[in-house]
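Before I ask anything, here is the structure I am working with.
Read from first to last, the chains carry the letters A, B, C and D; within each, the first residue is number 1.
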Amino acid sequence: MSELKGLMYPRTPEGRAGILPGPPWHYSGEMLTVEFRTDPERVAELLPPGLTLAEDDPGAVAIIWAEWQSCSDTFEELLDPARAQYKEVFVVIRCQHEGTTFSRSAYIWVDKDFAMARGHIQGYPKKMSEIWMTRPVTVGRAGPRLEPGGRFGATLSTWGRRIAEARFTITGEADSAGFVNGHPMLHSRFMPAIEMDGRDSLDELVTMSGFDHEVGPVYAGDAELVLHDNPTEELDRFGDIEIIGGYYRQVGTSMGPGTTVHANPNPMAS
Amino acid sequence: MSELKGLMYPRTPEGRAGILPGPPWHYSGEMLTVEFRTDPERVAELLPPGLTLAEDDPGAVAIIWAEWQSCSDTFEELLDPARAQYKEVFVVIRCQHEGTTFSRSAYIWVDKDFAMARGHIQGYPKKMSEIWMTRPVTVGRAGPRLEPGGRFGATLSTWGRRIAEARFTITGEADSAGFVNGHPMLHSRFMPAIEMDGRDSLDELVTMSGFDHEVGPVYAGDAELVLHDNPTEELDRFGDIEIIGGYYRQVGTSMGPGTTVHANPNPMAS
Amino acid sequence: MSELKGLMYPRTPEGRAGILPGPPWHYSGEMLTVEFRTDPERVAELLPPGLTLAEDDPGAVAIIWAEWQSCSDTFEELLDPARAQYKEVFVVIRCQHEGTTFSRSAYIWVDKDFAMARGHIQGYPKKMSEIWMTRPVTVGRAGPRLEPGGRFGATLSTWGRRIAEARFTITGEADSAGFVNGHPMLHSRFMPAIEMDGRDSLDELVTMSGFDHEVGPVYAGDAELVLHDNPTEELDRFGDIEIIGGYYRQVGTSMGPGTTVHANPNPMAS
Amino acid sequence: MSELKGLMYPRTPEGRAGILPGPPWHYSGEMLTVEFRTDPERVAELLPPGLTLAEDDPGAVAIIWAEWQSCSDTFEELLDPARAQYKEVFVVIRCQHEGTTFSRSAYIWVDKDFAMARGHIQGYPKKMSEIWMTRPVTVGRAGPRLEPGGRFGATLSTWGRRIAEARFTITGEADSAGFVNGHPMLHSRFMPAIEMDGRDSLDELVTMSGFDHEVGPVYAGDAELVLHDNPTEELDRFGDIEIIGGYYRQVGTSMGPGTTVHANPNPMAS
């Protein structure tokens, strides 16, 4: 029989039909971050057993809109940009595990399948959605400049309903783009047993970090955020929120292998 | 900490933000099947180690276009049909494992994320795509009737390129809608270790079957199939194909838990 | 120079690149109609000068979800169903013109460009949108049967926001699928002068009717309708509404040339 | 009766439901231009009676990929970017009319309905399509820098089929981004009579130009272009083409009223 090739499904004779090329993956894009404070109980309820709240500012949350180009080490996806460009919104919280503070994506939405599959490898719980964010411009009047007064809008919709909307106005530059998404990620990877009896065939904690970071200036400013009630989302559980700050930054990074922090045995294995 | 709820990601406080409701799942829809014969080597190369070719007609393959409504046991998705309706194309081969013949989906594309995630639980290697198939009609001239002479078209595109196209003309009724997709499914479920070093944290063979089948008459007929060269698919490897037959049928079924046939231990577990 | 071919843009050497094939057009599909009563002032404000309210039940309005296959007289679009299938929602009011009662589409949304362009010829003020409606099924549990108790949902969204949602439960058969959409259509066709100074280069009233109707049974039932506030729509102006009835029917029809009722001269013509 | 408001359909009580806000419209975006030479007969066949070929280099054609943000004078669309962002591909030829040379869009595709409707006012024969073009980046490895060696890809697909694909590599800066799209536009605006008997109710030649141009540097380079055979497009009629050059530039402009060059009377007006 053949040796099937590919990182993710489908694994095939040549490996070119896989949903995702193999690592490393390179990313260049724009990130709009809104940090806010909720009741720490609303963060705690998002953590699986074994993870605890961060000690400082435990109710802090970041929601981040990002517009990416990404590619493999062949860079060929950049010349067929349908396969390189995608948009993403993720909600990041912090947690502690064995004395270390991590960032953790509690919710995340993308608009391309390759990004969704890549997220599943990395433990990002990605669903598909409709995402828009204003782009800065360098000429003309139809967009903000990256300077004080530049105004951005960002929206997230699923099943034809708005879930979240943000507005952001640059007031100046800053040293940091927030603190919630600043740690290595600690994610759960799981797959229910096909028996679907409550057991998980895959049950792991994994961590990963980007490398070869290259970032532009951080633009800080005033942010507004609305999280709508929605029958298929739970962002409304954050309740009354207090805005901490808003940040815009152009970001380049690369991602490759991560590290298994803990893996439970597959209970289905004999 | 909270008890997180949900079958699949994200697992959340209430469980309503999950990409997929829990089983069982009910399906009603239309299936257009084209069966063809390729060189058995082209089927064999799609099988992982441990699976062998079916003994009778080992080069037989089915490609199936389906348009579904699906829902959970609450049936609520049917009233918000964006969450119930999806289209699907799958390429089915047969294999033997320990003396039993199974069907196996070698390739599959869908157009909704909940269907993609459900497939990943079931071992269907689902990617997203753009899918169209003609609907039969009961009134007017803009569609085929379910009777001899009724003509259907079906297309599959990814990244703005046509991958596969079929045409089908009903010639009469038949007893069966083909033989390739007629066995319990035998699927691989895997997840690469986050170290992405060639090890799989999850590596299982699973089987499942539908229940509570309710089907309409089988319409058989003449079929044409074109599988285009494509840089991100490998259907062109089937080469020169010989059409076996075409079939159209309305199908209702339900799916729930399956059975783990074999699970390798998670090598990352201590 | 060449003789350019085609009914609509672009007109080209061969005529095959036009957005729309020439008439007649055949349609087969499903229509879910919800009729409701609003303040007649809310209907009157939708009429241009020269049209007046219908005398009987002047506040009656119909909102109709439809899922269509349509094609030209070549029927070739049916074999490339991306070019045949579309969904549509339209809001129909009635009006009087010179003693005759007409139906009139005040708002309409579709999800394919060829349908949008065809509507513009016919005076339907079509925009693009995301539309879903439950399909009836004949087998399985994932959909309503066309019989008492069958339940349908229907949604309309633009720019990622829900505009309108309906639910419908069949209670029995009926003789008619409502009365608001039962007259010939009277539509305005206009095009602002490129000077965009308030003059219209095209300014017509046109009428058209379908022919070769073939319809299935009318299923009547209980309907609910929610019209959401929306910054880019004005359905919320209908205010408190009273449901008149709900109807589901399979419909076949054909459309071809209509009749100009009145045309104002093009003020830009010398 | 009410005074209906709005530039384009639907005209409504408040004017906020129109498909398009009124002028002026501001645009900021990126344009990737590939100029090529075809047999002048292939350009001539795209011209309606009364327009003749440009005298110099009459077989020159430009195909332009553009990614835009656009907005009205309220700038509010920029904060709801689904309503501001769109992509566009247009094929530009040149022509002479009464001794003056004009540019003319023979084919054009966009991916948002407001852009489609705006084009129809301006005489751009817009259809919907799926469009992708590589974005330049300032940080990271997943995209070209605006400097020699920067590589771009661009694709255009309709009905799930690739129509056109371009690749472009920057070799240096240039003074001009080509010459084909450099004149005022001369466009036909027409609408068939509802009788669809060959008469046009609207039949005009119009011209318009942008104002308040603000442009970035022109990057010139090596370009490749593939125009695929396609059953619903006629780009393959350009046959063997010779590449003239490729150009990338960031562009800001505004558009408002144009000028009617010639209007035929509406033959349906009494």
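Note that contacts are C-beta pairs under 8 Å (C-beta built on N, C-alpha and C of every residue); 3 or more make two chains touch, one makes a residue touch a chain.
Just so we're clear, the structure is a prediction, and the values are computed from it rather than from any experiment.
K.L.:
Any idea whether A-C or B-C has more C-beta pairs in contact?
P.N.:
By number of C-beta pairs in contact, B-C is the larger.
K.L.:
Taking each chain's centre as the mean of its C-alpha atoms, give the chain farthest from chain C.
P.N.:
Chain centre farthest from chain C's centre: A.
K.L.:
Approximately how many whole Å separate the CA-defined centres of chain A and chain C?
P.N.:
The computed centroid separation for chain A versus chain C comes out at 41 Å.
K.L.:
Just how far, in Å, is the C-alpha centre of chain B from the one of chain A?
P.N.:
29
K.L.:
Distance from the CA centroid of chain B to that of chain C, rounded to the nearest Å?
P.N.:
Chain centres of chain B and chain C, defined by C-alpha means, are spaced 35 Å apart.
K.L.:
Scan chain A for residues touching two or more other chains and write them down.
P.N.:
80, 82, 130, 132, 155, 160
K.L.:
Report the residues of chain B in contact with chain A in the complex, numbered from low to high.
P.N.:
For chain B paired with chain A, touching residues are 1-2, 4, 7-14, 16-17, 19, 22-23, 44-52, 80, 82-83, 106-108, 112-113, 116-117, 120-123, 125-128, 159-160, 188-197, 201-202, 204, 206, 208, 231-234, 237, 256-260, 263-266, 268-270.
K.L.:
Note which residues of chain B are touching chain C in the complex, please.
P.N.:
It is residues 26-29, 68-71, 75, 78-82, 84-85, 130, 132-135, 137-144, 151-155, 167, 212, 214-216, 250-254 of chain B that touch chain C.
K.L.:
Note which residues of chain C are touching chain A in the complex, please.
P.N.:
Contact set of chain C toward chain A: 130, 132, 155-157, 160-162.
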